[in-house]
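Pasting the structures in now, so scroll down.
Two complexes follow with subunit A in common, the first pairing it with subunit B and the second with subunit C.
Entry: the complex of A and B
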């Protein structure tokens, strides 16, 4: 699936938030590459900077308090941090699009879902939609109706106006593409008339509208039931097979990542702690944090034991007051004095993995 | 761990919420959130209720504690029917049964210091003087892994995991026998979940607690429970011991549910048969077997699933299932 062509190259990205309580390094020196057709999973707990990294790529960081302090984000050969805002706008939602966690809040409750999908098509692909021209015509028809009564034909023309626009037609197709039954009728639905899974499908249809090269799914299945989650994951796999876009999955659910991703990036306190292929990370995690994450979740595929789950002691550090040295050392079972003093560098290993730790776990754990 | 004596017997429990409409607020229909569930919980065991959202798991838990008033049915706690109890007797009964809520943010009063939140049940039941109360609160805080010095702090000063510990301490302070855990770990971070799961298990063996564990995360449920009941649209469709259910699921819904759970192992990726569509509305549930609208066996074989009643049937080994067609 994965080719060697790099489409997104992030170098030393730093996104800081300047609040009245101090500076938060939400994303601190993050570098990685995304290849064509690759599925990358970004894993971490809340507050580790996984969402902020991808929001920085979209340049959707709220400014102030946030600011992309330094770094380069190359999309093909273009530094996204340098392109003018108007150009960025034309890329966002077209070449790079994003699906958010809450399908309830990321859809506009006062527009029909067809209108919302068509909006992206009119903006990016220049398809004629329900624009001012159509509005003027319908306004004219409205007054014709007021003065002359409502002959059947006028009514039909009025209702056909929107449906006949190319953008609307295309949104019906997109809704069919994401597997919503009866698309000709469902395009007229408002978001509240749909279930959570259906709304997430509409979000995916919007994201897919302009055949993006990169699709970012930020906790796209977290709010859904397992049966619906399985449907959405299957849909995303299927779309990927057909359109070959690169996908970034931002999630805290390791099982979802195991199911979908080619490569995995583990983040902790704004930094990358480990990077590798899915089988490398799951077979032989080298960072104690990754090891802890993998072993502390109960497994569906293993029978119940009376043993206690191994845990990661303590909690995620306060972002205003991060520990000195390795950010993970207060919770780490392998920490020594060197971890308290010096931050380990992100090192590359021979087999293409990256790891930030002084005391890697070698074969067989511990 | 299992005694054969049931601590709690639930029989034909129903909870219908009325829907009012129109200008006069007349009842126009009912949401049949729980529609006739029957099960026992043995002394000292963990029974889990699993199912999709909208299947009535939480409502069942709350109805058992009488936090909402069940429409019909009976709940026997140590052979006494608690649905008919009144006044002082009910108050005494409530000491023995407590609940831990899902949302550690919404379930703690932000204006009370933690010591008072945890000690409040003692005040309500008038069980201890001020001084005794403080001692007991500090003791229980230590048991659940909170520093007793935090007594005077407010909930916003704690992280999610610590707040859930506060909720657990509040449930434990009356030394109950039975605790309903309503999705106690689903709002927590991955690394914190295992801490809370371990704590719940430790407390269970220490205080001989009986849990009704309401959850949708199948991995957590497998780890925690002795027996599991699968709910769909207000009814239990399958009930079996944990291992039995995961190894030999019989009801098509249980099978689909287990198949949908992603496995944290990239080498076990699977092509799965998906459950189509969404859970139907509990206002007007499908007739007969409620699952038949999404069931692939029904679609293939045309069993008469849309008629008749499908109640749990014992098929031996403590395994109950409501589907008569897929036993082999």
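Entry: the complex of A and C
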């Protein structure tokens, strides 16, 4: 599934936020590669910088507080941090697109979903999404409605006028693709008339509209209930299989990652702490943090015990005041004096994994 | 048709299965707003009133035609009919006029030459100063009407004839026609000699002459076959109905143009400030605060002197220049809250430009409070314009009446003739009330928390 062609190459990315309380290193020296057709899961607690990493790729970090301090993000051979804003704008949504966390609020409430899907098509592919006839007739019909009442048949005829534009045709197609029933009617719905799952599907349709090479799903399934989540994941898998785009799943849900990802990136306090293939990480986590994450999930496939479910003690460190040495050491059960003094480097192992720890968990031992 | 509409609505609402169909396919957002608006009784009344005002304004030339009273012309024309006896046309109302025990002193003298595209014939003359070429016809007009407005009027049929050397001479009784307004477009060199008696204005300048032969004592008033004045005539003898409907034109036109201008300006600046924040926001907000802290009335008074003194465009520019602050603040507030919404981020993520995000994504979302705000500001603009006109700083009220200007005129005769003041004041009141009702209705109708 994973080809060797590197599509996104992030080198030493640093994104800092300069607030009145101090500087927050949201993304601190992050480097990784994304291959064509690969699914990468980025895992971590809230505030560990996983979303900010992907927002940096899109260059959607809000400035003034935020700033991409240094680093390089190569999309094919282009450094995204160096390309002019106009070029970046033409890449967003077309080559790299993003699905956001909140399906409830990520759609503009004043437009029909068809309009919103058509928008990125009109922006990037130049498809016509409006129709003078539609505008004129709808304006006329509005006044007719004001004075006489609105005949249903006319409105239907009117809808047909709009849906015949190329961008709307494609919108209908996309809505059908993401598995919303009755797409010819659903394109005319406003976001508030759809359920959360449907809206998420619309979001996916918007992101898919221009056949992007990279699809970033920023906690795309977090707000949904489990059945819908499963449907959405299945849909994303299916789309990936069909169109072969690289996918980045930003989530704190390990089950989603286990289901979907080829490779997994674990982040803690703005840094990569572990990187490896999904099977490596799930079979044998080497970093205590990853170990903690995986073992704090109740397992159904293991015998019932009376022991408490293990947790990671403590809290996420204050971003303004990160601990010296290894950022994880106050919460780490393997911490020694070395961890308090020196930050471990990100080391590569023989089988291609990357670990940032002084005391790796080796096979079998805790 | 209306009953049919109602029936359909009821059936749709009764059937819960059709609820979804109802909200999107059958009713657009505007449609929902309209149906809510219609349920607001006062707002509907306000809308009807406003439509009535608009019709009233549109029909102004019709009123002018029916009554035969021109809107901005001299009262001489108004007080006369084509059939009245020459020289006995004006209504003499001042109690002292013609009282031998109270000598009149100085008396204004003026006459008018038609602006018949011949610059030589345009202007005015006085007996003492000979012909006075005045290129600014309106200025001349102003002056005369000022003195004239406070005086009683007597008409004679003396004719003023220009001599080749530029001076003028009165030819006694040479002319007996009084078709002033009707002859306006014809080549008439001189209309009539008008003698005005000015008890209140002392600042009668060099154009004042002593009456030598003009005044022969009070005469009979002969209205002749003058048409009926439904709302009476004002102190200058204009028909109040005609003036009111032309006033509606001017007042409503000014109000709407000002509101449109200030809305465009306010939305643009507020959007920039709210969307970009930072330095741009600070700059625009400081300018805005400056605009809001400066006492506007004195500024209006000073500026209206500069802005062409009585042109509608000047007043519009002044009012719009100071009126955009409210809309700008509202827009900025809405944009500040909306720019952090997820859908803004989503719009950025599909590659929309800032302008597109601002005006295609954020503006429609913040339009509801802005529409309500600008509806209320229409009332405010009408009142401000009336105030300015009342203070004599508005549009030239003789040529182009406004309701505020009519109040000002009427104020001079308010004890004798209260009705022009009553009518114009009532119309101002009614329009502002109507607009505020509409604003109330819109506020309720646009509120998304209320269900259909």
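Criterion: the second predicted complex is superposed on the first by the 329 of 366 C-alpha atoms of A that agree within 3 Å, B and C clash if a C-alpha of one lies under 4 Å from a C-alpha of the other, contacts with A are read in each partner's own complex, and residues count from 1 in each chain.
Criterion: contacts are C-beta pairs under 8 Å (C-beta built on N, C-alpha and C of every residue); 3 or more make two chains touch, one makes a residue touch a chain.
In this text, all values refer to a predicted model and were calculated from it rather than measured experimentally.
Asks: Does the superposition put A:84 against subunit B (first), subunit C (second), both, or neither?
Replies: So A:84 meets neither subunit B nor subunit C here.
Asks: Output check: A:230 vs subunit B and subunit C. Expected answer is one of first, second, both, neither. What do you get?
Replies: first
Asks: Tell me which partner A:101 touches in the superposition: subunit B (first), subunit C (second), both or neither.
Replies: A:101 contacts subunit C only, not subunit B.
Asks: Return first, second, both or neither, reflecting whether A:124 touches subunit B, subunit C, both chains, or no partner chain.
Replies: So A:124 only meets subunit C here.
Asks: If we overlay the two complexes on their shared chain A, which of subunit B and subunit C does A:206 touch? Say first, second, both or neither.
Replies: After superposition on chain A, A:206 lies in contact with subunit C alone.
Asks: Find the residues of subunit A that appear in the contact set with subunit B and again in the contact set with subunit C.
Replies: In subunit A, no position sits in both the subunit B and subunit C interfaces.
Asks: In their shared complex, at which residues does subunit A touch subunit B?
Replies: Per the stated touch rule, the residues are 45-46, 195, 197-198, 225-231, 233-234, 252-256, 258-259, 261, 278-279, 282, 292-294, 296-301, 303-304, 308-313, 315-316, 331.
Asks: Using the touch definition up top, name the residues of subunit A that touch subunit C in the complex.
Replies: That would be residues 58, 60, 64, 89-94, 97-98, 100-102, 105-112, 119-120, 123-124, 138, 142, 145-146, 148-150, 152, 155-156, 159, 185, 188-190, 193, 203, 206, 209 of subunit A.
Asks: Which positions of subunit B touch subunit A when the two form their complex?
Replies: 52-53, 159, 161-162, 189-195, 197-198, 201-202, 216, 218-220, 222-225, 242-243, 246, 256-269, 272, 274-275, 278-279
Asks: Quick check on the complex: what are the subunit C residues that touch subunit A?
Replies: 1-2, 4-5, 8, 20, 23-31, 34, 278, 341-343, 345-353, 361, 364-365
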